[in-house]
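There are structures below to look over.
In the two complexes that follow, chain A is the common piece, with chain B as its partner first and chain C second.
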Partner chain A sequence: MSWTRIVAMTRKEVLQIGRDPRSLLIILVIPLVQLFIFGYAVNLDVKHVPLCIYDRDGTQASQDFLKHFQATDYFNIVRVSDSYSDVVRNIDHGVCSVAVVVPSQFAEDLHSSGQASVQAILDASDSNSATIGMGYAQAIVQSYSSEIQVAWQEERGLGAGAPNITFEPRTWFNEDLESMADLVPGVVAMVMAVVGAFLTSLTIAREWERGTMEQLISTPVGKLEIQIGKLFPYFVIGIADTAICSGTAVLWFGVPFRGSWVVLFGCSMLFLLVVLSLGYFISVTAKSQLGACQMALLATFLPTFLLSGFIFPIDQMPVVVQWITAVLPARYYVSILRNVFLKGTEVRLLAGDIMALAAIAVVLVVLATRSFKKRLA
Partner chain B sequence: MKIFETFERIRQMIKKEFIQTLRDPHTRWLLFGPALIQMVVFGYAATMEIKHVSLAVLDQDNTQESRELISHFSASRYFHIAKYATRRDELRTGIDRGDFLLAVEIDSGFAQRLRDGEGATVQVIVDSSNSNTALVALGYLSQVGANFAQTYQIDRMQRIAPQLVSFVPRVDLEARPWFNEGLLSEWYFVPGVLGNLMLILIMNLTAFAVVREREIGTLEQVMVTPIRRWEFILGKTVPFFLIGCFDATMLTLVGTLWFGVPLRGHIAVLAIGVMVFLLAALGLGLLLSTLAATQQQAMITAFFFTMPMTSLSGFGTPISSMPPFFQKLSYFNPLRHVVLILRSIFLKGVGLDVLWPDMLLMAGFAIFMLSVSVLRFRKSIE
Partner chain C sequence: MNQNGPSVMVQNLTKRFGDFVAVDDVSFEARHGEIFGFLGPNGSGKSTTIRILCGLLRPSSGRATVAGIDVARNPEAVRQHIGYMSQKFSLYNDLRVAENLEFFAGMYSVPKKDIPARIAWALKMAGLEGRGHNATSALAVGWKQRLALGCAVLHRPPIVFLDEPTSGVDPVSRRQFWELIHSMVGEGVTVFVTTHYMDEAEYCNRLVLLDRGRIVAMGTPTELKSHHMKGELLMIECEPLGPALEMLQTAPEVLDAAVFGSGIHAVVADAAAMAPKIRELLLARQFRAGRIEQIAPSLEDVFVSLTAVRGASKNKEAAA
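Coming up: the complex of A and B.
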């Protein structure tokens, strides 16, 4: 191991990255673009669901009932239909995703038997929004129901108000239920995984593809020196991306940061070590840039996006998939980040996640080092 | 005669491209393997549904009413009670450690306030470090609350005026989820994944195929042959178009046969939609290849485009909850149209009479992309 050779290798790699300033710029801008999309455009909360109403009854009671749908910002009445076929057409065309149909006997039913039911047709081709929309509709109907009950009782002098129970929720860690705040850790992890594994996965494959690997092999540089020298610049870029992401999230979007910066950067370095080694390993095995890039996508981006608990909660997945997530470094990293940002958890409680990440790091570093052979073909 | 020569040159080019792409087993696998794996993983892992929320309860009232409320929680299929706490700090540490998501604390006096006809409040702590899950859990909570209130009310009426119980006015909601009656997430995600995978695969393959020739230097060799530029472009894109069609068929089969997603629309409409979209993806790939000198550049640039396209396609989050500006912007995103088209054909079973505006916009995008990239491409190889 020679310090000079490592520095020379790093210098070569830095020069090569520097020759392509556009790519470098994109790498540094990608996290910002992602943050801005998640901050301003994408919203996991379902609100302003486009609603179509069809009042077959047309009485005071049915009008009162439908007013309740006007008053919330969960629904947005986009259409007032006058026939059932119009309702069907609107749902088919995707004009509205929920349609509320008040039956023609509504007021009379309520008056005579006390029981009335309304129909909600949901476009469940978006099952998530449909489920949430159904919940909203149910809540509105229930609140209307209890309102008329109270009025009915008071009319008859049957006493004291509604036996309401209200839940007083205190939301911890992310008080305003901003989806931004819990997405930030995921965005950081995703960007790091991509930067780390994508970029490095190409470096060795490119040398093989262009034939410069032969030149490199003929020099006295050792394989460990190649590895360290090649990975170091990307390590720095990864750290810069972490800083850009977290800085923007906290300063621009006001995401709370309750933990310690030392833990954040310490764990980020550990995670970077994992993804860099993974990328290195892939590039050594793939030997073509297209192959390396596809493999890296499959091995890092996808699990980080899907299986890390970033968007889809792990405890709701099938058990087998939950086991698979146990070997995914991104899962532990996202969990650590979420704790550091929102909960400010003590390091002691994070020990399990950190240990798991460190163990994966050791395995991958060894694997990457051993896979590279300084030999032709 | 000229036409024949042109045809022959394109044929040779396509042949070369197929040989090159299918030559080594590694690349062959890359054409189908990753797409297949992603489809399966997505189908199983991507679920926004929250089926069970773990909960802790602390009952400081210990009355029949409070126990009744708790039994409403244990009876609900959304909740499972992970802990019956006896002290307050157990709730706090449990939430901190992530043992449960929700902690319900029933204060003493709960039953008394209910009997007095005042509204009773119940304290709830929610771990909202995942805001979506927290929101859904709060929704379930209010359903349980409303349910409890309803039962309690009926019980009370039973006691004070049993003859009137059946006349208490009450409105029920009869919810009918159309197109996906079981509200299954797979049905929702599979068509969208299909569109996303097609975009990434075809765009990257096309961009890489051209850029690789440029990077290795074989592009110059091709250019000194009598082949014309547009013939070259056609020869480069046709193989990937065919590969795209093959992959789309494969993924459709996996979606319908493995995940049981119904294909209710006409298969011809599906084919048209997929093909128009493939043209758009090819156009984007060609455009990328004119923007990049090396494969690394091509990949980074592709990534730069695909991430926002995916996020803004309505694939995972509804377009109607985006701000108006982004809703309008998404009209320029071919992925938005194809996701909608695929979902509509698979689940709703609608045809061209409903889908024509999206098809047209997508076709317009494809034509625009292809012409821009062909123009740029011709310049870039001169």
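Coming up: the complex of A and C.
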């Protein structure tokens, strides 16, 4: 191993990266664009669900009931309908995704039999929002129901003694259940996976494509020297991107950071080793830039997005898919990042994830080194 | 390095790519400090041989040593002793001239204290003094080739392999390039060069003529010209050229005939006896005939004659 050869190789890569507008764009712009897209555009919190109401009763009681929908953030009353056909039209046209219909006998039923029902119509073409909307509507009906129960009991002087359980949820770590706080660690992982693997996937393929590889491998430079020399600049870039993404998440989006920066950067370096080796391996195998960068995107973007637990929880996946995620480095990294950002978990509790990541890193580094041959054909 | 043995030694070297035999049982030796030429048309196996000698391809069978080191067993050790310039321009176009030289100085582990002097030397050699800051991509082909040579010999290798270094280069630059090769040989370097330019082959100390992966002749240019013609050479000026060539090729006394410039070169057993006969033959068939005289064969004549013989014998084999 020659230090001067590694330095010369690194220096050459840095010069080339600096003169390639494409690389610079990927390094500087993609991380921020991704962070802002996920920060602002992808909002998994369901609030202000568009609601349509149709009051067929028109009594004091029905108006009182519907006011409860007005008083909350969860719904926005966008239409007050006067017929069923209007309700249907609003759902069809996507004006509202939930409609609440109060039947004409509402006040009377309530009074006489103590039983009344209301109808909710849900647009389940977006099943996720529909389920959440239904949950909100149920909660509102429940709270109104207990309200009038208490009032009824008080009227009869039974007030204080009535048994009652109240549910007081306290969410930990992400107190406001903000999806942003949950997403940012995933976004950091995604940026690193894509930037790391994508950029390195070009380094070897580019040399083959331009014919410079033939000259390079005719020199005494060792293959490990090529690998270290070429990956080092991307390693530094990856660390810088981690800092940019984490910094923006904490300072701009107000995501809490409760763990240690040492753990964050230590684990990020390990993850970088994984994605850079993956990119390098792809680059050696593909020998063409186009093939290599497509393969790199396929190998990093999709699995990181779908299978890392970043958006879709792993324990909700079919068992077979859960097994597949076991070999996915991003899964462990996302888990580490979530813990470091939101929980501030101690290192020893992250040992399992760190060990898994390290094991994958060893496999990929060996694979990348082995795959490169200083021969043509 | 062993100064007594041959610089490059090749024994029964064969390289197959699937069914295709690119190099077919080739043996030769190149001595220290000579220009050893590999001459042949495209696809004759020149580049494949050179790549095997640089350790870039593994031979299918046979043996090759460079500076006494087996290229198949120990390619890394071979690379310490050689400079290689591939057929395709293979420097970094997005680096500046000096940056390319610095990079290869690093790859060849040129001692740090020697680097400035070596780079200055390479720039001077390539005629790029004061242009180290220029973009490599903007250089003309001739300069690019000389820069590539500079990069390949920064570490003063005793053996240099040049694969068609002058293809696509203008005549003046070609001349300058060959002057560089001569000056390197003057310093005791062995230069192994491939070309398909016959005039360049004349500059070589010794030559191998290669056709379809096989050696068809080997020797100094003079030896080749004197020993490898199957007869004597007549230069025939006549018109119209095409039909005359067809007629001469079928004439029993003519061993071989081919168009060269504005005339026909014909190989015959006895030039002095045949010259008047050919004139008669031409005039009898209503051709106009000019000068008909014996000439000294050029390498091109030798080459055409040798490859034609081999092609003809192959056709016979196929017919039988």
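As a working rule, the second predicted complex is superposed on the first by the 359 of 377 C-alpha atoms of A that agree within 3 Å, B and C clash if a C-alpha of one lies under 4 Å from a C-alpha of the other, contacts with A are read in each partner's own complex, and residues count from 1 in each chain.
What we mean here is this: a contact is a pair of C-beta atoms (placed from the backbone, for glycine too) under 8 Å apart; a residue touches a chain by one contact, two chains touch by 3 or more.
Computed from a predicted structure; not experimentally measured.
Under the clash rule set out above, the superposition-derived model of chain A with chain B and chain C shows the two partners fitting side by side. In the superposition on chain A, contact is made by A:R210 with both chain B and chain C.
Comparing chain B with chain C, more residues of chain A are touched by B. Applying the stated contact rule after C-alpha superposition, one finds that A:V80 touches neither chain B nor chain C. By the touch criterion defined above, A:D20 lies against chain B and chain C together after alignment on the C-alpha atoms of chain A.
Once the two complexes are overlaid on the shared chain, A:S146 sits against chain B while remaining clear of chain C. Contacts of A:V327 after superposition: neither chain B nor chain C is touched. By the touch criterion defined above, A:L307 reaches chain B but does not reach chain C.
Of the two partner chains, neither chain B nor chain C is touched by A:M355. In the superposition on chain A, contact is made by A:T4 with chain C only, not with chain B. Taking the two complexes aligned on chain A, the least Cα distance separating chain B from chain C is 12 Å. Across the two superposed structures, the residue set of chain A contacted by chain B and also by chain C is 20, 210. Within the complex formed with chain A, the chain C residues making contact are 17, 51, 54-58, 75-76, 79-80, 82, 84-86, 88-95, 99, 102-109, 112, 148, 151-152. Here chain A touches chain C in the complex through residues 2, 4-5, 7-9, 11-12, 15-16, 19-20, 210-222, 374-377, going by the rule given at the top. On chain A, the positions that touch chain B within their shared complex are 20, 22-23, 26-27, 29-30, 33-34, 37-38, 40-50, 65, 76, 91-94, 97, 110, 113-132, 134-139, 141-146, 148-149, 152, 156, 158-175, 177-179, 181-182, 194, 198-199, 202, 206, 209-210, 286, 288-291, 293-294, 297-298, 302, 306-307, 309, 311-313, 315-318, 321, 338-339, 342-343, 345, 349.
Those residues of chain B that touch chain A in the complex are listed here as 26-27, 30, 34, 37-38, 41-42, 44-52, 54, 69, 95-97, 104, 114, 116-136, 138-143, 145-146, 148-150, 152-153, 156-157, 160-161, 164, 166-181, 183-185, 187-188, 200, 204-205, 208, 212, 215-216, 294-297, 299-301, 303-304, 307-308, 311-312, 316-318, 320-323, 326, 340, 343-344, 346-348, 350, 354.
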